[in-house]
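Each of the two complexes below includes chain A, the first together with chain B, the second together with chain C.
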Partner chain A sequence: MTNAVLEVHDLSVVFETFEGRYNALNNINVTINQSEVIGLVGESGCGKSTLALAVMGLLPRPHAKIPSGSITFKGKNLLSFTEKEMEQIRGTDISMIFQEPLTSLDPLFTIGDQLSETIQIKLQRAGENVRWNSGKVKTEVLNWMKRVGLADPESAMERYPHEFSGGMRQRVMIAMALAAEPRLMLADEPTSALDVTTQVQILRLVKSLVSQVKASVLFISHDLAVVAQIADRVAVMYAGMMVEEASVHEIFENPLHPYTQALLASFPKEEEVKKSKLVSIPGSVPNIAHIPPGCPFHPRCSFAKDICSTTRPELRENSPGHRVACVLYDKS
Partner chain B sequence: MGISIDRREISIILTILRRDRLSIFGIAVAAVFIVTSIAVRIFGNGLVPYDPTQVNMMVAFQAPSFQHFFGTDNLGRDIFSRCVIAAPIDAEIGFSIVVISVLIGTILGSCSGYIGGKVDETFMRITDVFIAVPTLVLAVVVAVALGPGVEHVIEANLVGWWPVYARLARAGALSLKESQFIEAAKVAGISRFRIILKHILPNNISPILVYATLDIGNAILYASVLSYLGLGAQPPQAEWGRMVYDGQVYLVNGWWISIIPGLVIFAVALAFNLLGDALRDAFDPRYRKL
Partner chain C sequence: MSNMGLLRLEGIVTHFPAKGAMFYSETGALVTGKTIHAVDGVDLSLDRNTTLGIVGESGCGKTTLARTILLLIKPTSGRLYFEGREITNLSYADLAKIRPNLQMIFQDPFSSLDPRMRAKDVIAEPLTVVTNDREKVKKRVLEVFEQVGLHADQLNRFPNEFSGGQRQRIAIARALATRPKLVILDEPTSALDASIQAQILNLLLEIQEEYKVSYLFISHNVGVVRHMSDRIAVMYLGKVVEEGPVGDLMSKPRHPYTAALISSIPKPNPKARGEMAEIRGETPSPINPPSGCRYHTRCPFATNLCSDKEPQLQELESGHHVACHYPLET
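Our next item is the complex of A and B:
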C-alpha cells in the first residue's frame, strides 16, 4: 500500500483548435505522497499550469481533450468524475492558489465575506448547516486570518481586496485554500508576482501551514531558487514532457538531464555578475504546435546525438528515486 | 453578503452628478415625474385643480393661461390636470417594462454566458429572433393581438425588450468568467449556481443599471406610441400618447391640445436619458475627471 495522495499516470492533454492539435502534455507521470511538497519547474509554456488545471478538472472545454492517462486521487480516478462530483472535491479535498492574488479575489466583497464563503462550504460539506454570517463561521475566519499572519483581523475582515497589498492578498488566498484542510494544494506560481522579501515570508508561511494541516503540495514555479526553499522533490518539465524527477538535493547536486544542467548553469554566479555576463540556454522553448520529433530538447542540447532527433526518450529510473528522460543514461 | 458602496464613493458620484447642468435637469424632471406619479396614486384627483374627465363645453379650446396652465381641450377638460393624472400610468408602464426586462435578461444572459456551449447557443439564437424584428413592430403586433389595455402595453413591449438585457448580461458574464476570481471561486469548490448568483450577477450589474436608466425614457416613449395608436389606455382615461392623438385634429385652432402632452413625453424621456448618461459617467472611472 502506498501513501500516495495523487498519482498522475501517463497523462496526455491535447488542445484542439482551428489551427490544429497542440500537444500540451505528453505522457506525464508524477506521484505526490502524503505531506510531500513537489516542486514543478520549467520555462513558461511547458505545461506546468495545464497539469494543475487537469488535476482540478478545469481544463478549458471543449478545446482540451485527454486522450490517455489517469489522475488518481484517494484511490479514485478524477477523470471519470462528473462536474458535480468535481465540485465536491474542489476546495475541500484539493485546493489551489494562483499567481495573481489581486485578480483572484472578487472586488465587490470584503475579505471577511470571501473567507466566510469558503469556510461555510467546508462546514456544510462536513454536514453542518451554518449560515455564512453565523458566529461559528466568523470565529473560524478570524482564526485563519491570524494563522496566515494578517494583523488586526477584526478590521481587516471589513476591507476590500484593493485595500490590501500583494502579500496580504496572497495570505488571504492561502487562508482560503487551506481553511478546509485539503489533502492536496496546487500552488501555481504563488510568489511570482511578489517582491523578494515578501516571497520569503509567503514561502515560510506556506511551508509551516502545510505541515500543520498535513497537506501535500504541488508547487509550480519557474524559479529554481524558490523551489529549493520549499520542495522535498523536484520535477522538471520541458515542452509538455517530464524530463527529470528527483529529490531537491539530488537535483541541485547531481542534475542529470542536460536541460536541468543548463537551467542550473544559467543561475547567475558572483563572478559572472561582476563581468555583467549572464549564461542562458541557446534557443527558446519550442512552440507546442511545433515540438521537435524525438527528444524535444535536442535542438538546444549540447550533447545531442543522431538518435535524439528520432527517438523520444522515456522517463527511466537512473538511481533510486532519481528518474530522467535522456538517452545519455540509457543503460541498455 | 451585501454590496456596500462606502460614503466616499457616494460623495464622488454626487459631485459628478452635480457638476453637470444637464444631469441636474435630468434628475429634477425625473424626480418631479416620480414624485407626481406617487402623489397621484395616493391623493387621486384631489391633487389637481380640475376634474380631469369633467367635460365642460363652456371652456373648450382655451389657450394656456393662469386659469388653465396648459389650456383646455376640445371638450373643455383641463390639460394640466390630465397631464398630471396620466403621470403614474406612464411611470408604471415604463418602470414595469424595464424592471421585468432587467430581471429576465440579466438572469438568462448571465447563465447563458457563464455556462456557455449549447445552452449559450440556444439562448442566443432565441434572442436573435426577437432582436431581428424591430421592437416597435413586434410590440404593435402583440398589442393588437392582446387587445387594448395598459397591462397589454407592458406585455407587448416586454416581448421585444428583454433580449437587449440578455445580450448585455451575457457579454459581461463572458468576460467575467475568464477572470481569475471566478477561477479561484471554482477551485474553492463553489457550485456553478452559486458562482453565477454571487460573483457574476453583482459584478455584472452596473452597466445594466446604467442602460436601464437610459431605457426608462424609451419605454415611456414606446408606451405613449402604443397609446397614440389606440392600443393603450382607453378614453376617458387620460394618457399622454392618447392626448397627442386626440388633439392632432385641432392642431390649427388649438395647438396646445396635442403639443403640450407631446412636450411632457419629450421632457420625461430626455430626463431619463440625461440621468442615465450622468450615471454612466459617475460609475465609470474613465469618465471621472477629478
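Our next item is the complex of A and C:
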C-alpha cells in the first residue's frame, strides 16, 4: 500500500484549435503523497493551471485532448471516469481554490448560502439527508467561518461577496474548499492577487487548516519565494515540461536545472549591492505555439550543447528524491 | 540651484468623491456625500539622478500620488515644485512645455500601448510635441529603440507582435524619447514573468546611468524597490509613514508598519519559514480613515495617544523621517 494520494503518470494534454495543435503538457509525472504540499512553479503559459484542470476533469472540451497518460486518485484512473462520476469527486474528494476569489463566488448569493451548499452536499454524500437551511448545516457553516478567521460570522453569513475584501473572500473560498475535508486541494495562485501582508495571513491559514484536515495540496504559484514558505516538495515547469523536482530544501540549496538556477539567481537579494546588475535570463518565455524542439529551454540556456536542440531530455533521478530533465546530468 | 532638488511635494492632498449621491449646491459647487482620502498630505522631495522608491499595499495612494505629480489629476491642495518652480497651477500650454521632462511607465504593457499604432509611432508620439523635424524624430526613435534592446527591423510591428517584456521595452523607449528628467515607474515589472523582470530592471539601471534621469519607482514588491532605490518612502492609507535612505530604512525600520511590511515579504529560502510577521486585520477604508495615526487600528504598540493625535513626519536621524509617536528603537 502506497501513501500516494494522486499519481499523475506520463500525462500529455493537447489543445486542438483552428490554428493548429498545441502541446500544453508533455509527459508529466508527479506524485502527491498523503498530507504533502507540492509547490508547482513556472512562468505564465508553462502549463501549471492546465495540469490542475486536467486533474479536476475541467479541461475545456472539446478542444483539449489527452493523448496519453493516467491520473490515479484513490487507486482509480480519473481519466476513465464519466462526468457524473467526476461530479461525485469534485468538491468533496478533490477541491480547488483560484487566484481571484471574486470570480469564483456567485455574486447573487450570500456567503452563508454558498457555504451551506457545500456543507449540505458534503453531508448528503456522507449519507445524511439534510436541507441546506437546516440547523445542522448552519452550525457547521458558522464553525467553518470561525475556523478561517472571519470576524463576526453571524452577520458575515448574510453578506454578499462584493461586501468582502480580497483577503476575506479568499478565506471564504478556503472554507468552501476544505469544509468537505477533501483528500486533495488544488490551489491555483491563491495569494497572487493579495497584498503581502494579507498573503502572510492566507498562507498561514492554508498551512494550519490543511494539516488539521490532513489534506494534500498542489500549490501552484509563479513566485518561488511563496513556494519556499509553504511547500514540502517543489516541481518546476517550463513550456509544458517538468524540468526539475525535489524537496523544497534541495531545490533552494542545490538547484540542478539551469532554468531553476537562473530563476533563483534573478531574485533581487537583500545582501546584494544596491543597483548592481541582476542575473537575467536572456530571451523570452516561449509561446505554446512555438515550443523549441529538443529541450524547450535550450535557446535561453547558457550551458546548451548541440544535443539540446534535437533531443528532449527526460526527467531522471539524479540523487534520491531529486529528479531533473537536463543532459548535463546524464550519467550514461 | 542644484540643491533645490528636482521635484518637491508640499502637503499634497488628492481627494476623490466616493460613489453615491452627487449634486450641485445653490452656489454651483459639486457636493458629494463621501470622500476618498486617496492622498492625504504628502511631503516628499527627489534629487537629480536618484531613485525614490514608494512602497505600500493596494489602496494606499501610490498610483494617485504618481498621477498627481504628473498633474494628470489636479491635487485638492498642496504645492508641487519641479526644478524649483511651482507647477501646481500652470496653464495647459505651460504644462505642455514641461511635460517632455516628466514621463511615466505603466504596469501593464498590454493596455498602455495603442494596439493600432506601430512600434515606431508609439515612440515617436511624445517627440512630436517637442519638434516638427521628421528626420530628427525618425533618428531619435531608432536610437532609443535600439537602446532598449530591440531590433530596427521590428520598428514597423504592432504591439500584439511583441511579448510582454518586449512591450515593456517599447514603453520604456517611449518614455525615454524626449530625454526626460524624471520618469515615474508604476509597478513596471509586476505584470512580467520572473525571468523577464531582471532583464527590465537591468535595462532601467543602465538607462539611469546613461541619462542621469531620476526615477520615482512605485511597487508593492519591497525586494525590487530595495534593489532599485536610493531612498524609500512607505505609504499607508494616503500618508507617508516613513521615509529614508534605503539601507537605513530596510535594516532599521522605525515605524511599526514598515517593520511589519518588510518582514511579511516571503523569502526565497525554506529555512526562513515562520519568520514572516503577521499584521492583524485589514487595511481600513480610505473613505473613513481612522483618527489619529491611521495605523493605530492594527498596530501592536498603539495607545490612546495614537488614536487621538496624528503623528507628524519627523526627522529622527539625518535624512530618516518617521511619523510615529513611539518609533521602534534600533
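FYI, the second predicted complex is superposed on the first by the 325 of 332 C-alpha atoms of A that agree within 3 Å, B and C clash if a C-alpha of one lies under 4 Å from a C-alpha of the other, contacts with A are read in each partner's own complex, and residues count from 1 in each chain.
We adopt the following convention: a contact is a pair of C-beta atoms (placed from the backbone, for glycine too) under 8 Å apart; a residue touches a chain by one contact, two chains touch by 3 or more.
Given the structure is predicted, the values throughout are model-derived calculations rather than measurements.
Chain B and chain C, once both complexes are superposed via chain A, fit side by side.
For chain A, the partner touching the most residues, choosing from chain B and chain C, is C. With both structures placed on the common chain, the touch criterion links A:R90 to chain B but leaves chain C unconnected.
In the superposed model, A:L264 makes contact with chain C only, not with chain B.
Of the two partner chains placed around the shared chain by superposition, neither chain B nor chain C is touched by A:N318.
Judged by the touch definition given at the top, the superposed model places A:N26 against neither chain B nor chain C. When the shared chain is aligned, no partner comes close enough to touch A:S49: not chain B, not chain C. In the superposition on chain A, A:E100 makes contact with chain B only, while chain C stays out of contact range.
Contacts of A:V226 after superposition on the shared chain: chain C is touched, whereas chain B is not. In the superposition on chain A, A:F109 makes contact with chain B only, while chain C stays out of contact range. With chain A as the corner point and C-alpha centres for all three chains, the angle toward chain B and chain C works out to 80 degrees, nearest 10.
Once the two complexes are laid over each other on the shared chain, residue contacts for A:Q170 go to neither chain B nor chain C. Superposition on the common chain places the nearest Cα atoms of chain B and chain C 6 Å from each other. Note: no residue of chain A belongs to the chain B contact set and to the chain C contact set alike, using the contact criterion stated above.
Contact residues on chain A toward chain B in their complex (touch as defined above): 56, 58, 61-62, 83, 87-92, 94-96, 98, 100, 103-109, 113, 116-118, 121, 125, 132, 173, 176-177, 180, 186. Of all residues in chain A, those touching chain C in their complex are 43-44, 165, 167-168, 195-201, 203-204, 222-226, 228-229, 231, 248-249, 252, 262-264, 266-270, 272, 274-275, 277-282, 284-285, 287, 300. Those residues of chain B that touch chain A in the complex are listed here as 1, 3, 117, 179-181, 183-192, 198-199, 202-203. Residues of chain C that touch chain A in their complex: 51, 57-58, 163-166, 193-199, 201-202, 205, 220, 222-224, 226-230, 246-247, 250, 260-261, 264-273, 276-279, 282-283.
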